[in-house]
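See the structures that follow.
What follows is a pair of complexes built around chain A, which joins chain B in one and chain C in the other.
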Partner chain A sequence: MSYNLDFSVVVDRLPELLVACLATIGLAIAGMALATVIGVLGVLARRSRFKLLRGLVIGFVEAIRNTPFLVQIFFIFFALPQIGVRLNPTATAIIALALNGGAYAIEIIRGGVDSIPKGQVEAGKALGLHPAQIFRHIILKPALRAVYPSLTSQFIMLTLTTSVCTSIAAYELTSVAQKIEADTFRSFEVYFSITLLYLIISSLMMGVFALISRVSFSYPVK
Partner chain B sequence: MATIGPNELYFLMQGLKWTLALTIIGFIGGGVFGLAVALARTSEAPFARRFTAGYIAIFQGTPLLMQLFVVYYGVALMGFNVDAWVAVAVAFTLHASAFLGEIWRGGIQAVPKGQTEAANALGLHYVSRMKDVVLPQALRISLPATIGFLVQLIKGTSLAAIVGFVELSRAGQIVSNQTFRPLTVFAIVGIIYFLICWPLSLWGASMERRLQTASR
Partner chain C sequence: MPQSAAAQAPLIALDGVGKWYGAYHALKNVNMTVRKGEKIVLCGPSGSGKSTLIRCINHLEEIQEGKITVEGTTLTASARTIDAVRREVGMVFQSFNLFPHKTIMENCTLAPMRVKGVSKADAEATARKYLERVRIIDQADKYPAQLSGGQQQRAAIARALCMEPKAMLFDEPTSALDPEMVKEVLDTMIGLARDGMTMICVTHEMGFARQVADRVVFMASGEIIEEGPPEEFFRDPKHQRTRTFLGEILAHH
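Let's look at the complex of A and B:
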């Protein structure tokens, strides 16, 4: 039995796939933005005076980092309706991506914050800066600059993770691919092409991240 | 609603067995090929360097789920009539070889150049220079990252569930469909993953600290 590769099914439905690419990028960007917010808030909570709050953040980070995203997304998908929140799969996927990315962001940003020399903070105090000003200008900004490479490579991973959101039937590239596969039975052709699309998406994102770094982190500091 | 009894737990344990088996196969197979990738990536032949750089970039730039799909259907397409678990194991091996190759490449390049030069001066040839001088130090440096990737791989095997392979996560889905208790089931599944991954994460973190103090 010989099998003839036929990529015409992919070409025929390329418009559909390109729109799905945009959905994937949208999911990724929403996840990254919320993850950054969770990351900064988590680092703040991790530095708070309240032991319970610190413990909660540590527990959250460890729980997320040591369980698969697939299990997390299923858990959230079934847990939300139980507490009376009914969301569509896409919104659920964004929450799951934000929580997952947020846990890693907390850990990465914390590493950057820890790398800020104590003398900097003391200098800020000596200048009479408000604690919020110290956190924002002396701790957070340089810390984010220091961890930018690892934070963005984590975000690339988050972008690739969006493909798992197909398991709850969220609208993104992989779920559209599965639909096309079910219509055409051209499994290999479809998934091979989708893999290339993901490669393009992640390369594009890497390019954008490098551009952002060049524009906003170039010296002299703006 | 059905309850979750010993039968359901036993079914989950059967799934866990496959999760562990896939992880071990992927890690060992990935380790062997990964070493080859790392050596080629740091070799003196430009072609080998560029080829492995591309190999690594492809695996790091695409979702693991897609790699599973492509290998799963690709193996069948190439005319190999193999069990699902073989196809999935091949996919994890390829995935792991790219990531471990990149981790160990970093380790090899972190070994001070003087070590290679000293080995050359002593007249050691390539094999013994690598085996006795460079690699032991490189692997030590990259051990925390290697453990980190092992955790990543354990979690990654859950994606085999989407291809339909019954490991721990898929077993969880099946039990959840039978008992209509998704929250309890996925909490149990999550705790099982956590109990496997957490000690490894702690071990990796403590080793990283120890290496940092050693190098200070």
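Let's look at the complex of A and C:
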């Protein structure tokens, strides 16, 4: 076995790879932001008085969590155009990541909301606050704090899942790596390098998550 | 309506109130009136319905029978009457229920700002007034978890007072406290009573009842068994169940 490692191809095309990293981070941040919104709204819908709405959310969560992400993204990219919904790869990737991450976020955040003691809600009611105000000002923050570790590890998953978006030729790190590999046949060097790059991206994300936690959830609890 | 009649109308009136949890009959034909400025102590064995009763007054629990009227508003399932009643009635809970992610000051200003639309500056001025009154103004910028139990309960009292209610409901306010902290909370409540606040207190603190109550109401099995001014109530209880109950709790004091 005599394979001569040559990272010069990677070094030559590092600018391309770094821009692709930014694209990956962009997809991930857009996906996480929308997933959080879907998560919070989904929890509200899941707790609403309307049975139909609750049923829809349960159906959505189960459908997403019990099917492969690859099939979901193919569905949006290849099946929806058949009924007139045509999206470019980047938009498709963001929507797929948001829906997938959102379904998991609903389940995670719901657990956090359920963990808030009933007395908190009663105190809000006794003070005359309305249900929406109670959710917004009393429940939401402690609930998010309670599930923050699960939520952020789900978001790291979401970040890594952006690589699957290669399958619809979305512009991100893995698809750029594939292109470089096809140009140079340096599979080992290319995939070893992006493995490191994904590791760095994940570590950066975790650092940011820790910072957000320190800024937003630093209040003491017993 | 002539002024005198308005002054005499009860602030809180319960009329034939009945409540069930499924098949369990929690409140049975409860009648009670509380005039402005009156202090009522509600006592009775656990499960007697006393907490349920005061939780019905601000509609944390729904009644199935009879009616509850607060300051002329009869409670119904409609949000309008519930809002109206909750604006007039403050509540203090056994477990404090302060909001852990908000400072004591923020706990006190949340409802005045969101419910009454008071400006932040005005809400903070009001909060300072009541935090001074319960003697924890120096803790205003701390979070609930940084306070002792007694301080937390006093903060919760201040939070309720910030809505400037006409009446206060206390649901076993000292039951979750370490013994050495009971007094500071009771002293706060006594001060409030002296200032003329209308109060309904569910408590086992019979010393407090003797000191401030206009009437002591004894409940058992969801019914009001007897009521009377404290001296009379403690000296000469009419019913056997009252005597048994007093015998049990006073034996420990």
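Definition applied: the second predicted complex is superposed on the first by the 218 of 222 C-alpha atoms of A that agree within 3 Å, B and C clash if a C-alpha of one lies under 4 Å from a C-alpha of the other, contacts with A are read in each partner's own complex, and residues count from 1 in each chain.
In this section, contacts are C-beta pairs under 8 Å (C-beta built on N, C-alpha and C of every residue); 3 or more make two chains touch, one makes a residue touch a chain.
What you see is a predicted model, and the numbers here were worked out from it, not measured in a lab.
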item	value
Which superposed partner A:Q72 touches (first chain B, second chain C, both, neither)	first
Chain B versus chain C as contact partner of A:A123, first or second or both or neither	second
First, second, both or neither for A:V43, with chain B first and chain C second	neither
Partner chain(s) touched by A:I94 [first = chain B, second = chain C, both, neither]	neither
First (chain B), second (chain C), both or neither touched by A:L158	neither
Of chain B and chain C, the chain that contacts the larger number of chain A residues	B
First, second, both or neither for A:S187, with chain B first and chain C second	first
Of chain C, residues touching chain A in the complex	58-60, 79, 83, 86-87, 89-91, 93, 95, 97-102, 110-111, 114-115, 143, 145-146, 156, 159-160, 163
Footprint of chain C on chain A - complex, ascending	117, 119-120, 122-130, 133, 137-138, 141-142, 145, 217, 219-222
Sites on chain A touched by chain B in the complex	3, 62-63, 65-72, 74-75, 78-79, 82, 156, 160-164, 166-167, 174, 187-188, 191-192, 194-195, 198-199, 202-203
Footprint of chain A on chain B - complex, ascending	58, 61-67, 69-70, 73-74, 77, 151, 155-156, 158-159, 161-162, 169, 172-173, 176, 182-183, 186-187, 189-190, 193-194, 197-198, 201
